[in-house]
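Next come the structures, one after another.
Consider the two complexes below, in which subunit A is the common component and subunit B and subunit C are the respective partners.
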Partner chain A sequence: MVRLDGVTKRFGDVAAAEDVSFELGQGEFLTILGPSGSGKTTVLRMIAGFMEPTAGTILLGGRPVGALPPHRRSIGMVFQRLALFPHMTAAGNIAYPLRMRGFPRDEIPARVERYLGLVQLAGLGDRRIHELSGGQQQRVAIARALSFEPDLLLLDEPLASLDRKLREDMQLEFRRIQQELGVATINVTHDQREALVMSDRVIVMDGGRIQQAAAPETAYRLPANRFVAGFIGVTNFLPCAVRRSADGEAEVAIGDTVCAGRCAAPLPAGAPAEAALRAEQVLLGEAGQPIAHADMVVPATVTEVIFEGDRVVYAVHAAGLGGALLRIFDHDPLHHKTRRIGEDVAIGWKRRDLMVFPRDT
Partner chain B sequence: MKAPQAKTVVIWTVVWFNLIFLALPTVIVIVASFTAGNIIQFPPEGLSLRWYASLVETDSYSDAFLRSLYVAAICTLISLPIGTLAAIALARYRLRMATAIQLYLLLPFTIPLIVSGLGMMLVFGQIRILGQLWPVGIATCVINIPFMIWAVASAVNSLDVDLENAAANCGAPPLLTFLTVTMPAVMPGVITGGLLMFILAFNEFIVSLMLVDARIVTLPVLVYNSIRSVITPDLAAIAVVYIVVALATIWVLDRLVGLEIFLKSK
Partner chain C sequence: MTTSARNRSPLLRLLFAAEAVRAAIWPQRMRPATGWAFLLPAVLLVAILVAGMAYMVDASFHELDRSTFRLTEEYSLTNYETVLERPFYSTIIIRTVLAAVIVTAITLVLAFPYAYAMVRTKRAATRKLLLIGLFLPFFIGQVVRAYGWLIVLGQEGLLNSTLTWMGLGTVKLIYTYPGVLIGLVQYMLPFAVLMLAPAVTAVPEEVELASDSLGAGWFATLWHVLLPMTKPGLVAAGVVVFTLTITDYAMPEIMGGGTSDFIASAIYDGYFSTDEQGLSSALAVLLVLGATTVVGVVFALVGVGTLGYSARRLR
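Entry: the complex of A and B
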């Protein structure tokens, strides 16, 4: 459906996107995830045709689009601030692409009705845009982007401005509509949860480059590098030194503690590295006692306790790990006792949960 | 407990003071215009419509009124395309020397009207169009165009930056995008600016005074001439005509744009 080959966009000396390549199949939902300035929106705008790549090619349906202007591309887009036409009704907005793309006049009203129904706005077609709520405006924007049955749907962080509850509802709504229509979709967001919830595949970008392209679960379980490990999920990074490394395993020294973890590529002995532990994979136990299922146990002191209802967030200080401060999630607060600040505890983890990354220099 | 009450008293005193002093001259003129006597005075000496009748009967007044309307119409017609396009271009597209152009277009604000009027008198005299009415329309357009640009620009700036991209994404080529999306979306600003230009040109005095001669006096100039000879209550009646025109403009604005949108866009 869509293919990008080495797409690069430079503004002067600054590369907003560098050597971006990926392919998207029919009906696939891809999310480009990254912080602001990572180049994700630049990539989206080049696909839409609002910007031309400095280098590389973009293919839509097998054909390179090169300098094809945006209005000649069969792409629907939902914009960050929606960009609905303020002087038209909801139905007018949805009919606009149909009129512009030469759909037969007598077919347009029925089609508008159908798409109003699809986004659950049946009967609200006559409303002006400013008479609709934020969520309803979102739905109009989706319907406008889809009514002409584009080959590709682009979502430019349209959910970023909504409050959390509505955003989560709309995420599922987007996913439902997308699956119902089977349209290939590229979504851009900085919200990791949204990326994990909605996508078949996630591309993590930073500094204009793709850091990892994988299924959401893979990106979470097997982050390709330190950036991905830090961007998706809450991760503790512990500075360490590599002692030896082979076969996807590394033995490292974190402060006075020597332990093993997995690593993507072999690391040279003595190299500075970082050991990464997800906050929910650090286990809490009684001081001086073993912890079930843990391969490593070290003593620690609780320094912070935040009760959030469905989980408790702890910060602990572990002198044996070079004085590191670790964040820990306890996802079962009803069955575990809540620790107190200052309490001596033991923390532990499974060998395979520790990831080792070369330290960024 | 006392502080908020004292605050309320102060605020309402200021509000009423302002309301009264803004409205007082207008109210006095309106009341005075209905006098039955021969001089403007407040309170009026009896009530009648005789000075309104005299306005209608005096040809010089109705002629001057129509001339002012004509000047205002010309000014509005010229400023609509110029101001709208300039404002959209300045607010929307990255132009070379945009700041310089903006400053240049705001220049009329910084120059005293008497100087602009003198300059235009010389230029119009040089190209031999002095003594006609339509150049007065152009002159009022030139000195007031910043208002038009400002009204449209504030409408453009409140639009989503991706509005035109959205239209292109819907399949509209650039010209259609402009006609079907950009123009209608900034229309409230265009109407606001247009009405503002109309009323400003209709009221314009100093530049008018320097560009008209005895055969083509506009209403403000005629009022000025009358004041210098005899002050009669028909001047109060003319003042009321001005008030009515202003109210009519505001009414049209409210019908077309909605006053709350107009006030919000400032």
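Entry: the complex of A and C
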């Protein structure tokens, strides 16, 4: 459906997007995830036709689009601030692309009704935009972007401004509509949760480059580099030195503690590295006692306790790990036990959960 | 923590002193009347204006007594009959109204792209240049500007020497109706741009991009999105330009040189040259009524535009 080959966009000396290549199949939902300034919006705007790439080609339905203006591309887009037309009704908004693209006049009302129904706004077509709630406006925006059956749907962080509850509802709603119509979709967001929840595939971008392209679970469990490990999820990074590495395994020294972990590429012995441990994968136990399922156990002291209801977030100081401060998510379904500040505890983790990355990547 | 009035800065102390004075002369229970108090100076100004108008309306119903050159005591509609019957006046009225319509139309057509470019340009230098071009005429004044036009459009002026050089002959614009219109459009342009710029700013650029991606080319976007969404600004600018033009005095005087007098010139002549106060008053009353009716009809048909402040804003 869509293919990008070495797409690059430079503004003067600054590369907003560098050598971006990926392919998207029929019905696939892809999320481009990255912090602001990562180039994700630039990529989306080039696909939509609002910007021309400095280098590389974009193919839509097998044909290069080159400098084709947006209104000649078959792309529906939902904008960050929705960009609905306030001087038209909801139905008027949805009919707009149909009128502009020359759909037969007598087909338009039925089509508008169908798409109003699809987004569960049946009967609200006569409402003006400002008479609709935030969530209803989202629905109009998506119906307007889809009513002309575009080859591709682009979502430019349309959910970013919603409050959390509504955002989570709309994520599922967007996903339902997308699957019902089977339209190829590219979603851009800085919200990692949204990316994991909605997508078939995630592309993580930083500094204008693709850092990893993978299924959501792969990106989470097997991050390709330190950036991805740090951007998705809450991760503790512990400075360490590599002792030896082979076959995707590395033995490292974190302070006085020697332990093993996974690494994506072999690391030279003695090289500075960082061991990464996700906050929810650090296990908490009684001081001086073994922890079930943990391959490594080290002593630590609680320095901070934040009760969040469904979990308790701890910060612990581990002298044996070079004096590192670790963040721990403790769900503790068995004991309902909240630790005190200053309490001595043990922390542990499974070998497969420790990831080793070269420093400075 | 010790809090003390002494620790406040001199300015803050002054402000709190003023606050104490206010509390003494305008106690809390007077609060509901505060808005009216603020309105008072404006109400006084309007009241004076209304008094003048009342005097004028009264004068318009008294005929001039040719023997004494004073207004007669009896009330009559003679002045109005004279204004409507004399071809001299109907010519002037038609000329003025036509000018107001033409100038409003041309000014809006020229002002919209200017305002659009000024709001949408990405380059700060371009925006500055456009703003300077907008405000410069305000510093110059209408009379000086009109004389500038004489230099450009005059018999031996810039335009005609260029046309002659190109072998196209000369055009006479000075002391003609088209010359007056050109001068008026240039005079009104900054007002119109200033009133349109906020309306264009109120349209998010994303809306134009959305229209483009939905299949509308640039002109379709202009017609179906940009113009409807900037309608409040267009209405406001149109009303202001129309009323300023229909009441203008200086431009027809200088650029027209007596060939293209507007209603205001006739009123002026009546008051100060020919001493026909009653007739001039009738003309002035008709002008006020006419302009008010036009503005009223526009407001009734398309709303008050950005001239009306309302709690519900365009999103």
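Rule of thumb we're sticking to: the second predicted complex is superposed on the first by the 357 of 361 C-alpha atoms of A that agree within 3 Å, B and C clash if a C-alpha of one lies under 4 Å from a C-alpha of the other, contacts with A are read in each partner's own complex, and residues count from 1 in each chain.
We take it that a contact is a pair of C-beta atoms (placed from the backbone, for glycine too) under 8 Å apart; a residue touches a chain by one contact, two chains touch by 3 or more.
Quick caveat: nothing in here was measured; it's all calculated off a predicted structure.
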- [ ] Determine, for the superposed arrangement built on subunit A, whether subunit B and subunit C clash or fit.
- [x] clash
- [ ] Go through the superposed model and pick first if A:250 touches only subunit B, second if only subunit C, both, or neither.
- [x] neither
Open item on the list: Under the stated touch criterion, which partner chain does A:210 make contact with: subunit B (first), subunit C (second), both, or neither?
Closed with: neither
Open item on the list: According to the stated criteria, A:97 is in contact with first (subunit B), second (subunit C), both, or neither; which is it?
Closed with: both
TODO: Could you tell me if A:79 is touching subunit B, subunit C, both of them or neither one (first, second, both, neither)?
DONE: both
TODO: Check subunit A for residues that touch subunit B in one structure and subunit C in the other, and list them.
DONE: 48-50, 69-71, 75-77, 79-81, 83-87, 96-97, 100-101, 144-145, 148
Task: List of subunit A residues in touch with subunit B within their complex - done: 48-50, 69-72, 75-77, 79-87, 96-97, 100-101, 144-145, 148
TODO: Could you pull out which subunit A residues touch subunit C in their complex?
DONE: 48-50, 69-71, 73, 75-77, 79-81, 83-87, 96-97, 100-101, 129-130, 144-145, 148
TODO: Give every residue of subunit C touching subunit A within the complex, in rising order.
DONE: 204, 206-207, 209-217, 220, 224-225, 228-229, 231, 312, 314-315
- [ ] State the interface residues of subunit B toward subunit A in the complex, per the touch definition above.
- [x] 159-163, 165-174, 176-177, 180-181, 184-185, 187
